[in-house]
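Below, chain A partners chain B and then partners chain C, in two separate complexes.
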Partner chain A sequence: MDERANSVDAASEADEADGDPLRIIIADDSHSDRLILQAMVRRLGHQVILAEDGYEAVELFREHHPQIVLLDVMMPRMDGMDAARHIKALAGDTLVPVIFLTSLSDADALARCLEAGGDDFLSKPYNRTIIEAKINAFNRMRLMHRTLSVQRDLIRAHNEQLLTEQDIARRVFENIAHTGCLDAPNINYHVSPMSVFNGDILFACPRPSGGMNVLIGDFTGHGLPAAIGAMPVAEIFYGMTSKGFHSGDVLREINQKLARILPSDMFCCAAFMEFDFHSGSVNVWNGGLPAGFLLRKNGRRDSLPSTHLPLGVLSPERFSAEVQQYRVNVGDTVLFATDGVLEAENHDADMFGDARLHAALDSASGQRPPLRALLDSVSDFTGDQQSGDDLTLVSVDIVPAADLEELPLRVAASALSGPAHWVCEYEVTGETLANFNPLPLLLHICMEVPALRRSSGEVYTVLSELYTNALEHGVLELPSDWKDSAEGFGRYYAERERRLKSTGGHRIRFRLEHETTGKEGRLKVICQDTGAGFNYTDQKRSALDHDGYTGRGLALVRHLCTSVRHLGAGNEVEAEYHWSLNRQPEVKGSPDNESR
Partner chain B sequence: MNKKPHLDDEALSELRDVMEDEFDVLIRTYLSDSGERIDILRSALSSRDSQAFTHSAHSFKGSCINIGAPRLGALCSEAEIAGREERIDDAAHLLDDIQSEFLTVRQLLEQTLLR
Partner chain C sequence: MAIQSRRSEDGRTLVISIDGRFDFSSHQSFRDAYEHGDQQVNDYVIDMSDTTYLDSSALGMLLLLRDYAGGDAGRVRIENCNSDVKRILSISNFEQLFSIK
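So, the complex of A and B:
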C-alpha cells in the first residue's frame, strides 16, 4: 500500500482552517444506523461518504482522503479493527482520527479497538450533541497535529539545508586551503575535519626559494561566521607565499584584509612561521596564540610567546609584522597549538594547563614525537575521544634542505601561451630598497612564460640570490663572513637593519631578456647595483663560491644557470638561465651538499 | 421479559427532527432490515452457528437502540450473551421473544408513520 497517499493531500490543504466542512467516512453494515449517523453529520455541515463494511471503508479512504473516519466494530468482509489498521497505515504521518461506533460494553473489546489504532468511541444510541463535540475536538487535534508536522518538516529541512551548506562550505574551503604542503615529511599536525567550523586554521606552503611558511590560527567564534574569515586568509597565505612574498608582506596583507572585512569583535589569533632550511633559521610571528615551542635536539626548550595583537585587530598603520628570528639546526622542532590544548577540560572541569603541557613534552621520545605525546596526554586527561575536535596542533621538524626538494609548488596553470621575446627593465631606488621587495613582481613577469612557470623555483632562486647579493653585499657592503658564527649572524642582521636606513642615492637595476625558439628558451638576468663592486678577477674573492653558507647564493646561481659573469666594477652580474621542454627542472640546492 | 418500553417516544421525536423528510425511509429501512436479521438469527440457530448468532444479535441490538426500540434492544442483548455463552435453548427462547416483540414494534412504528 502507498502509505503516503494522504500526505500529498495534507500539503494541498495546508491553508485549511478550523470550522471548514470535513469529508467524513461512515462505515456501518446496519443500513438504518448509517442513515441516522449520516443525517446527524450532514446537519453539522460535513460531507459524508458511506461504506457498508471495513473493506469498502479502506477503498473509499484511499480514493477520497477523508479527514475523519467513523467505523462500526463488527462488520462483514473486514471488521472495524482491521479497517482502522489499514487506514492508519495509509494515513502515514497525517493524523486521521478513527472513531469506533459501538454498542460494546465489554472493556476488553473496547481496549482492542484502541490498540488497532482507534482514537475514541461513539456509543449507540447516537447523541447529536456528543457527535458534534467529538468531531470538533478531533478536528482541532488533527489541525494542531498537522501544524506540528509542517513545523517539524520545516525544521528538518532547515537542518538538512544547514548541513548541506556546511558541507559545501567545507569543500570550498578545502579546495582553497588544502593545496598546501601539510603532508610534507617533516610536518606533523592534528586538525579535526570540521575544524574550520571551530574557527581553527592550519596552512603550510612551500616558498619558491625553498623553505616553507606555516600559519596556524584560531578565529573568535564558531560555525560559519568563523569559517568565513578563514577563506581570505587561505587565499592570501597560499597566493602570496607561492609568489615569493616574505612573511611581513603576507602578514600585513592578511591583517589588513581581516581588519577590513571582519566585525570588530572578530579576529584571528595566529602564529606565522617562516622556515629557511638552507640557512637554518626560522622567523616566528605570534599574535595572540599560546606560546609555541622551539624544541632543541639537545632537549632545551625555547618559548615562542605572543608578542603581537591578533590578526584583524589593528589598522594597517599600527600593525607590526616584526618577526623573532631563531637559528635552528637539523633535529630541532617547532611546535604550536591553538588554545584548545591548554583549555581542554576533564570531567571535573579542570583545564589541561601549562604544567601538564610541559610534562607531556618531557615524555616525548624518538618513537613518540612531541605532537603525538601531547595529543595522547590531552586525550588521557579529558578521558573523552570527542575532545580532539577542538584541538589544532602543528609541529615542523628542521631537516636538511635537500630532504624537501620534492615539495610541489602549485602555481596556478594558465591556458595562455605567453610572451616569447621580451625585455624588461626595473629599477628600485633610494629608500624603496629598504621597504620594498621587488622579487614577487619580477617573478610574476617571468611566470608569464609557461615554460618558466614549470621551473618557478629556479627562476625565483636566481632572481632572489642576485638581488640579495646586490643589496646586502653591493649596496649595504655587509661582509658575508659575519654569518659564519651564531653571534655574527645576529650582528649581520642588526647591521643590515641599520644600514637599510641609509640607502638614499643607491639603486638596484634589473634587466630581464627572454628569447625562445618554442622548445627551448633563454632568460638573461642582469642585476646592477650602485655599490663599490669588487675585484672579481681576484682568486681569493671568487673563492666566495665555496665558503659555505655565505657563498651559497652565487654558487646556486652558477649551478642553475649556463653562465654567470661579473661585469664592470664587479657591481653588475649577468646570469643566463636556459630552459628546454625536454629537460626536467634541476634539483634545488645540490651545490649546498657539495660545499658543506 | 424486561420492563423497558416498546418504543422510546423521546428518541423517536428526536429522530424525526434529525431525519426530517427521510424519517419514513429510515423507519421502513429499519423494519425491512430487522425482518432479514430475524431470518438470519433463525438460520444461525438451526445450523447451531453460535458465532453468527452472536454477531447478528449484536448488530440488531445496535440498530434497535438507535431507532428507539429499547425493549427489543434489551432482548437482542440477552440473545447476544446467550449466543456467546452457547446456551442454545435460552437463545431459542429469546429468539421467539424477539420475534414477538418485533411484531409489536412494527405495529407501533407503522402507526407512527401514519401520524
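So, the complex of A and C:
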C-alpha cells in the first residue's frame, strides 16, 4: 500500500462534508447492469469507478480509496464476498460501506454476504429512489464514524499526554518531598504512588531538637489542581521543620500560603503531629480530618478529633494554630487516616464507617500492627484490590528517644567554608517573648559553621534548653516540678499560656561566640534573662543534674557541653560547646554532610 | 440529584434545596442557583432536608457561596442536616463559618 498516497488522501478528506460528491466503485461482471447503475449514480452527482470483477475492484480500491463500494455477488476471478473481505481488511479503521448488488432472495446467501463484511444490499432491478436513500444513509454513517474516530484518537492522545505530564509532576513532587523520614523505624504508613493526584499528602521530618513532625492531609479535588497545592505545603513543612520552627509557625505559614494561592473552594483537611520523644509528649492539630487515635499500650483509645477549619480556609488573622497536647509513653501509637478509610464503599455502596474502624483496631495485635489491621479490614470490606489507591494512613509509635538518633537531618548546606571567628548578640524583648521563637534564627547562624552543622541536634538542644530555661523559669517563674505529675503537666502549660500574656518589660539576651583552630572549635552561648534569678551558690539548689529550680533542661545542656555555669544574680547561664573533627558527633549528619 | 431555589416573599432570602448527594456533579447547578439572583438577596439558606451525603467538593462549593454572599459579613444558614451531613460539616468545623441547624 502506498502510504504517501493514503496520507494525502486523508488530508484531502479532512474537511469533507455531507453532500459533497463521493468516489464510488461499482463492480459487476454484467456490462449492461454496470452501465445502468453508473448512469444512476452519476446523476446523483458522484464520481464512479468501474470494475469488471472482484479482483479489479480490490486493485482499484487500493488505487483510488473510494468512500463507498457497490459489489455484485457473483463475479469471475474473485466473487463479491471475497472482494468485500479484502476491501474491509484494507480499509482498516476507516468505515467504507460495502453494499452488495444482488438478485438473490435466498436468506442464507444474503446472510453470508453480511458475514463477509457487507453492510447492506441493493436488489436488482435498481430503483433510483432506494439507491439515493441508501448512498446518503451510508455516507452519513461513514461521516459519523470518522468524527468519532478522530475524537477517539484525540482523547487517546490527550490521555497519553496527561499521563506523561502526571509522571513528570510526580517526579518533581518526589524530589520536593523526598527528604522525609517516613522510613523511620517507628513509622508505618500506606500511601499510593499516585496519591498526590488524589489530593492526599503525607510528610514526616525530624526536628533539629530530636523528635519529628508529621503532616497528613487531603486536598479537595483530584488530579493536577490538588497536586499543585501539595508542592508548597511540602516545601514549607520540610523547610521550616528542619530549621527548628514549631508546629504553630509551620501551620500558620502553610495556611497563609494556601489561603493566598488556592481558589476559595479548594482547601486541605490536615492533621499535624509534633512528637517529642524526650519529654514524652505529642502536640496534635486537626483541621478537618476524621478523628485520629492515640492507641495506648494498655488498650485504651483516645480520640484526636478535628477542632479547626481545614488549612487554606481562614485568613491569617482568624487562623488558630492551637494544638492539643497529650502525654505519651513508650508503646503508645498515634494513628491518622484520610476520609478514604471511613468512606471506602463495598459493592452494595455501604461505607466502611466508624464501627468497622473500631472493630479493625480491636483486632490489632503484636504481629499485626493497627495500621495493617485497618488496611486489611478495608480491603476485605471493599473486596477490591484497587481500593488502596484512595487511602492514606500513617501511624507513629512512641519509642525511646535514643532509638531515633540515627535519623538524618538535612539542613541546607552552604557551599562556602563558613565563618570561623564571630560574635552575635540577639535580644528578644517584651511581648515578642510571647509570640516569637528565636531558635530557628539562632540555629541558622550557628549552622553557617560546617562543623557545627554535623551536630545540629546538639547545638539546637543547647540553644533551646537555655532559652526555655530563661523563659519558663526565669521570666515566667514556673516551677518545673509541676511537670512531674499528669495533672501538673497540664497545669504547667495552662499557666505558661496565661503568664505569657504579661511579659512586658522582660527580655532574654543571647550572646554567641565562636572560635576555631580549624580542627577544633568552641561555641560559647550566654543566655541572660530579666528574671529574679536565684542563689546558685546554695549547693542544694545549684545541683544542675537535680530536679530543682533549674529543671531537667540544664542537666541535658551540661551533658552536651564542657562547662555550664551560672553568673550574676543567677539569671545568666554560660555554656561552652566544643567540637572536634576527630570526634564523631552523637547525632549523625547525613552522609553527604559528613564528606564535607 | 436536584437543586432547587426559591425566594422568600419579601425577596430578600434565597432558599436553595439540595436533593440527594451533594458532590462535584452538582457544581454547576449549585452555582446557577445563586449566581443569577438579583441584588435584593442578602440572606442565604441551604436546605439540606433531602440531602443524603456531601463530600469535600461540596464543602468547597459552600465556601464559594459564602464568598459570594460577602465572606465574613455574608449571611448563610445551613438547615435541616441529617446526622451524616452534620458529621461531615462538623469534622471540618464549618460551624465556625456558617450557622448550622
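In this text, the second predicted complex is superposed on the first by the 322 of 596 C-alpha atoms of A that agree within 3 Å, B and C clash if a C-alpha of one lies under 4 Å from a C-alpha of the other, contacts with A are read in each partner's own complex, and residues count from 1 in each chain.
The rule we apply is simple: contacts are C-beta pairs under 8 Å (C-beta built on N, C-alpha and C of every residue); 3 or more make two chains touch, one makes a residue touch a chain.
Just so we're clear, the structure is a prediction, and the values are computed from it rather than from any experiment.
In the superposition on chain A, A:D33 contacts chain B only, with no contact to chain C.
By the touch criterion defined above, A:K124 lies against chain B but remains apart from chain C after alignment on the C-alpha atoms of chain A. In the superposition on chain A, contact of A:M212 is made with neither chain B nor chain C. In the overlay built on the shared chain, the residue A:F267 is in contact with chain C alone; chain B does not reach it. In the superposition on chain A, contact is made by A:S306 with chain C only, not with chain B. By the document's definition of touching, of the two partners only chain C reaches A:L289; chain B does not.
Counting contacts as defined above, no chain A residue meets chain B in one complex and chain C in the other. Looking at the complex, you find that chain C touches chain A at residues 56-57, 59-61, 63-64, 66-67, 90-94, 96-97. For chain A in complex with chain C, the touching residues are 218, 220-221, 264-267, 269, 287-291, 306-310, 313, 339.
Chain B contributes residues 11, 14-15, 18-20, 22, 25-26, 29-30, 33, 55, 58-59, 61-63, 65-68 to its touches with chain A in the complex. For chain A in complex with chain B, the residues that touch the partner chain are 29-33, 35-36, 39-40, 43, 72, 74, 102-103, 124-126, 128.
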